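Below you will find the structure I want to go over with you.
The letters A, B, C and D name the chains in turn, as written, and every chain counts its residues from 1.
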């Protein structure tokens, strides 16, 4: 199914990412009886971050299953169910908890197709929440994009707005491969957490797919390429707005997925602008920001100034607000850094 | 303690990495009664990769403890023991098993110091084996360097030879921080696995430290910087040998540790040579190779040709020899790639 | 025990009030002097005091995301802990940890935000004591939901195998966030799981500080004597939501009212007076003392300085 | 059952011989037609045949790093499996998996190299059968060492809670590599751990195919009838080293000789003949048939083509 009409041509109905996701899941559950959902607090509560709201009432407790706090257990069970033809969705409440169940994800789900020579598939979606900024400290605020994207066999998707979220989720559920679907808490649209306004956008009611692996030019520009994902897309857009007043036209690229990674979109943009800044709220080293910069360097594109990154420093995430805010990227820091790049 | 005499000045006594490690541990166990060892098959068997050979006989079953197959259990116990002043070493038999116990490593051990404001330390060494090349397939052959180096709070050490192994291990045990000590199976010196001859070198009998975080210039050269770690150092050295006959003098840098990362050593070398190749048998994307290239790109060094990397492709590790060997880096591929870079 | 229970209850009442500052009319977890998640333990005080009454500073405790009552019962420095929860430089960790990461090495207390994560560190501390030939036991507190996490099983087995001076205390408040125990646990009571490790298992019903004190005393004495671990499950009541902001739509109607009617603090007060282990005046005096302590503690925490932003970069390595 | 046991034993004898090609005089695991680790199951055949005799192709099995006997009992395509172990293109996975990653979806067989990893996939398949209202049970085979891994506990609890058509079979061969059961497990027998999940637990001593058949039959019937999971532990014997190349210095003197004296295959042969369920001629015929099958299988696998190197890049995503 092709990507539907352009954004400006959408039926007007603003949704949060949480609502968009639960709608996508509900539509796929209606369409395919093999789709079912498991996770902690996803049934009666509708998910701590609202991704499964309303599903229990619609589909009942057989297909919408609250689980014990046994992530290895229910995720590896999802792999087994997928192996015999089901299409499970599972929720890992916070990505920070991956450490108790990573084997089921990276060694089991991600390798089932390969180990079986393609004869046993793993059409599973693992939803998880990422990101901080609201003082939830070091075991509840991480992004860990690089951790998942580094390991082969799973697709890694990070939506930045509700339109993409619905279309990417629909594509993810229909994909025959395991997909890690990472939703940023700053964008989710839960009442009890702040939400970047740009994440709440018009969303078509009918099911549609946004293809996995195609980056989005969130804002076109000619002077510098700013690559972001999830929450940092909005920081980049806000900074671009500010900089436009100074005559700097930033092109903002929303990666939308890390696996597959749309390297071409980045290269094409940087070839045009001659400048690159990567904004990432995951840890600085050995992650997304390094990979994007390396991709451009390998391509041998001559840049007008050295590429830069604004990423989360290599420190655990501190609780106290002044420390956490100091460590996080934001629009102001993006703008400042870009101005510096134009002075170099 | 300073690094002792230069290599050529060492007392002549060639050891394998396995022997060098077990000697380092034994010396520290003698020196400090707080040092003890836990892991699967590390006592009676002396470790599947020989790191703890002889320790049970010398120190008895209280301080050299075979554990159940409960990695989360014994690694998190080590953290608790470290918190009250012990200096545990634990062994994760293959790094591929990190998925069953990563929480204890990255969320517990690595963050104990930070969460406690530095008041509770975690002087723990986690030894593990990495790498393939002998057809052990996709759950027993991974390197996962990037996975560990990406997450803050733990040092990550990868020795390429027995001299470094002993000195780095001594430093790791004495360090007040958690250290992940990754030993490559191709270098370990076990009779039942092939070993790169360059890994077996002279090792002083007395205890000494090789500081964590200082890269080594394994071979000086002026024409290109080749960055490797663990097994790929030897591939780079072999390639450099070949290329020297063609008049290309490669400088080979052995990173020795990823955290701390000696970016300065890399930059200094690349400033001199103007060319960069990274050789890594960990997965290609979002890992070590990208980080090194990005570091050089950010520094704005003008290169004579675009930087390159030779890394393990983003695929699970296949069993069959032709497929695995196709995917792995080796000296021949390094030499070919370097020749290409000189033709660009 | 009673005074610690009262102190803990009063402590959380003030914390709850401070937490809501800046969060009304619109509740946004990021706002106010106490941002982030806040898990209260009111109703669960008997578990903490009944166990900790048997422990000294050298004994080790690991607690959970719901740590205040246990920290207070263990004697954690209340000023420094409160400053930590307020994210101040004078906090136990200089504001790096917050309410889920309370570390006070002086009294060997730690907690964490990952379910069942404290099992290993407690057992490891017990192993350390054993290796060094030191006295001292270690107690891991977990919730009933945590007993279904792999770490619980692995550590129980090792602790039993090595006969460590270790006790696992399960606070069964019947809920893991919105999931009832019957929806998460294949057995009605986790004490039966002791059989899987060949160790004693005890179930303490009724959220009763006296019964908890007795059961914990036996287990801790056994651990001290080299008799190995015990698994204790305590019936207790979560009077609050899972965290502040939880609207608790999942609770059956009337459940909370019934629990409040059985609040263990008034119950203990009555019993003490009935059994004449304390007079009404004693109780009033205790309560006044708690209030004075809390005044001091909260004044300190509020007045304390914020950390410098750049301090975020320190203490990653030591 | 006997014929599968004989087939499995003969299969591994040939595998072992092929494995040693190119590995003498110096044993290097990387060499020969069968590189990598090789875990043999000789001695454990009764567990496989006793359980699988109750299963059809729709029933699901997950096995471990020591999978051959179970694969053979489950009816995995022997040619394609052997080609896989030889790393050939005609292998079940085109040579990508090797001996620890045998997948044959036609008979719903899978295995893996991570301890206890198969628990979840088997229970998940059981859940799928239940959700779809299909018949079919799922059996996870694990070693006694694996019963101390967190995944074991988590999956047992969920399977019991949801009353899944699931059976966990523990092959207790007394060793996890070099670590004896008594050094790894706080209880003498893992069947007692069934109490932790409120399900039946059964221990089958003696490595006896008849007793295993009976116990498994009951458990599988219960699972099929909606009665939920069973935990079965079977006493069995690892006649080989942990993997080929293991010198087994950790075994007490005489242990292996004693085990070989109780080899279950001659024992079953004797019993069949004694009980007149087979004649000596039947047995000879069975053995000849096994030999003929194996000739064909190994000839096929050896003659099969190697994969193209670039095929390594395929099937990461499907």
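By definition in this document, a contact is a pair of C-beta atoms (placed from the backbone, for glycine too) under 8 Å apart; a residue touches a chain by one contact, two chains touch by 3 or more.
Values in this document were obtained by computation on a predicted structure and should not be read as measured data.
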item: Intersection of the contact lists for chain C and chain D; value: A, B
item: Centre distance in Å when chain A and chain C are each reduced to the mean of their C-alpha atoms; value: 35
item: Euclidean distance of C-alpha centroids - chain B vs chain C, Å; value: 40
item: Touching two or more other chains - residue numbers and ranges from chain D; value: 91, 94, 96-97, 101, 112, 114, 148-151, 154, 157-158, 161, 183-185, 316
item: Multi-chain contact residues (two or more partners), chain A; value: 67-68, 70, 72-73, 96-97, 99-100, 103-104, 107, 114-115, 137-139, 152-153, 314-316, 318
item: Graph class of chain-chain contacts, one of line, ring, star, complete, other; value: complete
item: Residues of chain C touching chain B in the complex; value: 60, 62, 91-94, 96-97, 101, 103, 105, 108, 110, 112, 114, 117, 119-129, 131-132, 138, 150-151, 154-155, 157-158, 161-162, 314-318
item: Residues of chain B that touch chain C when the two form their complex; value: 36, 62-63, 65, 67-68, 70-86, 88, 100, 103-104, 107-108, 112-121, 152-153, 155, 176-177
item: Residues of chain D that touch chain B when the two form their complex; value: 26-30, 35-37, 87-88, 91, 94-101, 112-116, 145-146, 148-151, 176-179, 183-185, 245, 249-250, 306-313, 316
item: Complex contact set, residues of chain B against chain A; value: 72, 96-107, 110-111, 114-115, 137-139, 144, 146-147, 149-153, 258-259, 261, 283, 285-291, 293-300, 305-309, 314-316, 318
item: Residues on chain D engaged by chain C in the complex (per definition of touch); value: 148-154, 156-158, 160-161, 183-187, 192-193, 195-199
